[in-house]
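Given below, in the form of structure tokens, are the structures.
After this come two complexes, each holding chain A, first together with chain B and then together with chain C.
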Partner chain A sequence: MIDTIVQVVLLLVMPPLLLGVIVKTKAAFAGRVGAPLLQSYYDIIKLFRKGSVLSGTTTWVFLAGPAVTAVAVVLAGLVVPMGGQPAPIRFAGDLILFAYLLALGRFFTTLAALDTGSSFEGMGAAREVTFACLAEPAMFFGLLALARLTGGLSLSGLFGGQVLEAWTSAAPTMVLVLGGFFIVLLVENSRIPFDDPNTHLELTMIHEVMVLDHGGPALGTVLYGAAVKLFVLAAIVVRLAMPAWTDDPLLRWPVFAGSMLLVAVLIGVIESIMARLRLPLVPNLLMGACVLTAFGFVLVLGATS
Partner chain B sequence: MTDSTRFLIVGNAEPFEHAAIPRLGFDDFRRAMIEGAAGGLRVGALFASPEGARELGIYGVLLDDLTAAVRVARSVVPVGPFASLTPECPQAHLFEREIAEQFGVEPLGHPWLKPVRFHAAYSGRSQPWVGGPAVIGVTDFYRVEGEEVHEVAVGPVHAGIIEPGHFRFQCHGEEVFHLEISLGYQHRGIERRLAGGPDRRTIHYMETLAGDTTIGHTTAYCQAVEAMAGVHAPVRAQVIRGIALELERLANHVGDLGALAGDVGFLPTAAYCGRIRGDYLNMSAAICGNRFGRDLVRPGGVLFDVEPAAVEGLLARLDEAERDTASAVNLLWDSSSVMGRFEDTGRITRETANEIGLVGPAARASGINRDVRNDFPAGIFQYSHVPISTWSTGDVFGRAYVRWLEVQLSIRFIREQLRALPEGPVLAPCGGLPPGRCVVSLVEGWRGEICHVAMTGPDGRFSRYKVVDPSFHNWFGLALALRGQQISDFPLCNKSFNLSYSGHDL
Partner chain C sequence: MGDEPAESLAWVLAVWLPLVGVIVIGASGLPGLFLRRDSAAGERVSATLHVLGAAAALAGAIVSVVAGGAASLNVAWGLPIGSFRVEVDGLSAAFLVPLILVPALGSVFGVRYWSQREHPRSGRKLRAFYGVLAASLILLTIARDGVLFLLSWEGMALSAYFLVTTDDRDPEARAAGWVYFVATHVGTLALFAFFAVLYEATGSLGLDALPAGSATLGVTTTLFLLGLVGFGLKAGIMPLHVWLPGAHAAAPSHVSAVLSGVVLKTGIYGLARMTSMLPDPPVFWGGLVLTLGVISGVAGVVFAIAQHDLKRLLAYHSIENVGIIVMGLGLAMLGRSMGRPDWIALGLGGAILHVWNHSFFKSLLFFSAGSVIHQIHTREIDRMGGLARTMPITAVMFLCGAVAICGLPPLNGFVSELLVYLGLLRTLGPADGSSAAGAAFAAPALALIGALAAACFVKVFGAVFLGSPREARAHTAHESPRAMLIPMAILAAVCIGVGLLPSVAAPLLDGASRAWTSGWGGTARSLQEVAPLWWVSGMSAGVWIGAAACVYALRRRVRPREIARVGTWDCGYAAPSARMQYSASSLAQLLVGIFGWIVHPREHGPHVRGLFPRPGKYHSHVHDVVLDEWILPAMRWIAGQTMRMRVLQTGRIQVYILYILGALVALILSIVPVLDLLGRLVTQ
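== the complex of A and B ==
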């Protein structure tokens, strides 16, 4: 029960901190002090206190977009086991729910973008769904490989105690799946090399351009939802990368939070040392991620049949 | 007809009598310009000046990079339509639109006759496009129709803090079929106000024609005025002008390299170059108290001397800035992810660059040996040569790499000049201008060739003062560079040209 409460609290409160850590890491590489660690919280609070202007061409979809997206990713976060504990919501087949909660969020974000009728936002929506089409199979192949290894269809089983066993029995598969998931983490959260969350150049954006017309609380919800999505996918990567987990009830949550911050630092380092890809090359890298996880799946099939 | 009877041949900043320009019939003038351009000369300027109420003087300036010859031709036509040069000489295209806009005359057969800056004609005549002086940004944009073709309009209000300009893309999915650039939002009417000068305002107009090219434009102006007045700026002043011009180039080139890195999301170079640009600007401030070189260059010389004590300080700062620049910029060439973005993006072939008359780093990146410091040396560049930096690829990488080559040479030039500063005064008295005098003054600003053409009337005042900023030549190059490119690469291509809106709009 306590673990459930801790997970829910962390899921709701911690995500913006990851953004702050990424920004600080990048600032360190650039020789700057950087924005405060808690800046994302300040931004979100500021936005929620603002009013907003709605375009006359938009409908209820425009405001439903950020709300549905944020709720969908928080729900997805409740299906994912964190801190080595089973998830608050778990049942056989919840991995499908997880994948499609993310898809639902994306669907509503793109719908809200199209609702504005702006050529920019349409362009961004087209890019987002194109890349999502390629990121989704990568994730599914990875989940399938894990399901085969652990013999369950619930994320709590997939990312439960058997991860360690899976590493010992099928390490190559786990490496491939981890690599694939990390790429999915970057693309799903519009990080470099796929997208540049800091750019002001609307023609180059993927995710940011879809929310150009949102302001005030709606934009705050978008930012918050994006932070939660980063948190949820990072939690999966953390679990895969750290198969041995402490059982000490006092230690496991600090270790979890610490390793989440490490993932944020890693993302910050990647963003500091590499440029973003040319847009037409993004699908190639995503295909690469697909191939990684698909091959991991094939390896498991071969090993067990 | 030989060239010497069609053109007056002079040098850069060499004064001549207005009466010495051969007056040709318009057909001869047109043929002379077209044949000159076809023979490898460049249209440096093509403009009109009213001659009485009913006639228009058309002036053409052709530049011969190989022999450092400036060829000036003139024709006088009745105010009204004339045969366009553009179908046979694409370089004339924007110049003719400008003439049509300023004087309400129609270049017949011009294939792309649209407003340049969206202002009313000087004389109040109606302009050759339908509907008279248009609402800015409202014109007959080229459209591509068809399945999956869509139009994207960007600007004039941009997401970043940059100058206003409107860009229309005709896209097929992510691919750009055509880009049309519509400017004029920064039009201040400077060229018109310059007539009747020089007066107390003139120099300040020059300093702010394009705020980042203060030294370039003021040097071109002072060179022109000094030549007409028969004054020689002291050597020490010319050296200081040269140093200031190269500092301006350094600050802007380094800033551009950083901005290019920023556009591809490459953090380290973007962050460091932003700071290092400030170091170069501060060196300008150390000379004249202003980071952009305002109030430094004046007719007759410069207002601020470089004290012997300051030389050592400048040299030390230059060494440090050079080290920092090298380590920041070399990161770009060493990162495959950056090179993957720069290479093969926004390519302009050498043929295209020649045909449309590109200037500056954009031309040199396409393999053209074109640099006023070398081809038409004036001032200190007559005695101290800066080699031309070229590259052959014509893509974003080429334009970035040429900047880096120029940065290194500029630093070397400044160091040499600071070590060997000649003695003497820095300002000579510069009096009034004689009547009926003309001059063509060229300076290699950091963006490329700056061309000023000054003419005085019978009262010794400017009857016409024509300014051609390098951006005027190069905006069209950007539009062509985008053909067949990804629309997401537009900001990168744009930055690799980094053209001035205010310099174009005047």
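== the complex of A and C ==
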């Protein structure tokens, strides 16, 4: 019960901190002081206090987009096990619900982008849906490999106690799946090398360009939803990378929070040392991720049957 | 009456109510034929009769489900073969629900969509054949005799041909009609062969389960392949789908809804019925069906993305969804071959629930697309835009259908896809170490299908309803009349309802599984045991409540503090125009490029030369690879080869008389033992 409450609170409160850590890491690499760690919180609060300038082209879809997306990613976060504990909501097949809730969020984000009738936002939407088509099979091959190894049908089973066993019995597969999931984490959250959140040119962006016309509370909701999505996917990567968890409830959650911040630092490092890929190359990298996880799956098929 | 005594009133009702429905629906279009061309009475009478007949038939299906078991009726008729034998079992009942509901809603929609006033020439014909089509659908689902089945099958095929060519002055509709006509009869030919082999093997034309060991594997495999071609052509499984896109695009929208939502499902019904009949299926049958499902699913949605025509696009999505249904069926067949009742429950349950769902959300999409086309008078997606302002209710209805068809929670499409996914994941079980784990490769394929479908419907909804109107007609469009909106609203409510409470459908699906397995004495597991249906209900409710609350809160926050309404950010460009918006084709361009090896896109662009190039036109086109690159060239080759036989056709009557004489002599020689006679002559 306590664990459930802690997880829900962390899920709702901690995500913007990850963004702050990423920015701080990048600043450290660049030799700058950088924005405060809590800057994302300040931004979101400030945005919610602002008025809105809406485009005359938009309809109700424009505001429904960010709202539905935020709800979808938070609900998706409720089926993801965190801190080595089972998720608050778990049932056979919840992994499919997880993937489809993320897809629901994407569906409404892209519709809200198209609602403005702007070509920039159209480009962003086209890229988002295209890259999702390649990221989705990569994620499913990874989930299949884990399902084969752990015998689970829910995320809490896939990312439960048997992850440790899976590492000892099928380490190559686990490495491939971890790599694949990390790439999915980067592309789903529009990070470098897929998308540069800080670029100033609308023509080259993916996520940021889709929300160009959102402002005020709507933009705040978008930022918050994006942060939660990063948090949720990072939690999966953390669970995969850290197969052993302590039973001490006092230690469990600080370790979880710390390792989440480590993922954020890692993303910051990647963003500092890599350049964004040219757009035509992005599908290649995604197909690479798909091949990685598919190969991992084939390995466990051969190994156990 | 029949051979079997009627057990109770419920059994009598379960058989007679659908038959009454068949008669009333079949005759629903006839009164209109005797009325004036432009009289509105005919369309009202036909819709009323259709709805009444549908209510009777639906009541029969519900009674049969509640009563359980299989109600049947067998009457000898005057024909030398076959008999009038009908039976409503669980499988029939499960298919009857969408097969009755969707055409009835379509007939109401059609009152205003294809009114006598607007279409005095074709309206009466449309309504007459529409009734025949809907009646044949019900009859073929309950027919248990091969001859009766083929009769109703042909009734459906022929009336559908006349419906596709409703607008018979349009050359495109005539061409689509011909392709359909040829394709459906190739399928019927396969079914004739199917029943001939069945009669040869069992001595009966009944659609009953063959006892185990009653036929060799060679015979059952022949039956299976013949049925797969015959029913697969109707269901539109890739690469047997060639008739489907053209016919769906050319027909009036409510007919497209019936074709796509219901007529395709008779092919699925046939496959399900056939696979329950044939004994001892080897594993490769299920594997083949599953593979065909994956191919249909992926290729269908990839072709859909590349389309410019709204109804053609929806038609390709039917191929995709039939693929998902067939995947579920293949999984159930694997479960039967390998003795896994849970795969059967999930695979067959998922397939039949997807039959329902696809009927409902695809009809919803075709109705709302029809409502748009009725206003804009074009099917070109790139000429629409901004319709969410002028047709807000239609837009919401289309969005509802779009979310459902992408399999996204909280609507019904998610539930059936979840069942298929769960079944596929269960093939992985590490304990049994069986070879069926290869089936799990279908799960990432299903994920790819889902993501591509979402991309496609983002494109369609964005280009049709969002942004600014691209052409003048979109500015002046009006919301459709209530008679068109109410059928859509009912379908949307069903989509929402099944998404929220899938457990309500579970008894019907279990009944279908029981009927499917009872043929070969297998055990059926209840869907509730193997699928977390109540969890799905809870999460669907969570999405609805959360989304409603969040949207409401955000609007409350934004609306009172709205500072200004301005133009969309355009980098300060001085003269933006609606034609500069990102079009549907440009949205799809990246994906069409990636999957170019499947769809073979053709582009015809201007050759840009010099500093001041002339104005040019760009044009891109994706044709149907199977029809235009494989079948039509093959047909042309055959036609070219047979041209050689024209040497025989001289046109001179003397030559023809010579042919007749030659034929007669040949006949006589074949009857008279010539060699024998010659031999005797020689020996004498």
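The rule we apply is simple: the second predicted complex is superposed on the first by the 305 of 305 C-alpha atoms of A that agree within 3 Å, B and C clash if a C-alpha of one lies under 4 Å from a C-alpha of the other, contacts with A are read in each partner's own complex, and residues count from 1 in each chain.
The rule is simple: contacts are C-beta pairs under 8 Å (C-beta built on N, C-alpha and C of every residue); 3 or more make two chains touch, one makes a residue touch a chain.
Bear in mind the structure is a predicted one, so any value in this text is a computation, not a measurement.
Colleague: Touching A:E202 in the superposition: chain B (first), chain C (second), both, neither?
Modeller: A:E202 sits against chain B and chain C alike.
Colleague: Contacts for A:F295 in the overlay, against chain B (first) and chain C (second): which applies, first, second, both or neither?
Modeller: In the superposition, A:F295 contacts neither chain B nor chain C.
Colleague: So, does A:F141 touch the first partner chain B, the second partner chain C, both, or neither?
Modeller: Only chain C is touched by A:F141; chain B is not.
Colleague: First (chain B), second (chain C), both or neither: which does A:M123 touch?
Modeller: Both partners, chain B and chain C.
Colleague: More residues of chain A are touched by which chain, chain B or chain C?
Modeller: Partner touching more chain A residues in the overlay: C.
Colleague: After superposition on the shared chain, which partner residues are touched by A:L111: those of chain B (first), chain C (second), both, or neither?
Modeller: So A:L111 only meets chain C here.
Colleague: Of the two partner chains, chain B (first) and chain C (second), which one does A:P66 touch, if any: first, second, both, or neither?
Modeller: A:P66: touches chain C, not chain B.
Colleague: For A:C133, decide between first (touching chain B), second (touching chain C), both and neither.
Modeller: second
Colleague: Quick check on the output: what are the common chain A residues between the chain B footprint and the chain C footprint?
Modeller: In chain A, positions 119-120, 122-123, 127, 202 sit in both the chain B and chain C interfaces.
Colleague: Which positions of chain A touch chain B when the two form their complex?
Modeller: 26, 29-32, 119-120, 122-123, 127, 192-193, 196, 198-204, 271-281
Colleague: In the complex of these two chains, what residues of chain A are touching chain C?
Modeller: Against chain C, the touching part of chain A is residues 48, 50-59, 61, 63-64, 66-68, 70-72, 74-75, 89, 91-94, 96-97, 99-101, 103-104, 106-107, 110-111, 114-123, 125-127, 129-130, 132-137, 139-141, 144, 147-149, 151, 153, 202, 212-213, 216-218, 221, 283, 294, 301, 304-305.
Colleague: Could you list, by residue number, the parts of chain B that touch chain A in their complex?
Modeller: 150-154, 159-160, 174, 261, 263-268, 270-272, 275, 335, 337-338, 340-341, 345, 486-492
Colleague: Using the touch rule from the top, collect the residues of chain C that touch chain A in their complex.
Modeller: It is residues 385-386, 388-389, 392, 395, 399, 403, 406-409, 414, 417-418, 421-422, 425-426, 428-431, 433-435, 437-438, 440, 443-445, 447-448, 450-452, 454-455, 457-459, 461-463, 466-468, 531-532, 535-536, 539, 542-543, 546-547, 550-551, 553-555, 557-558, 561-571, 578, 580-582, 586-591, 594 of chain C that touch chain A.
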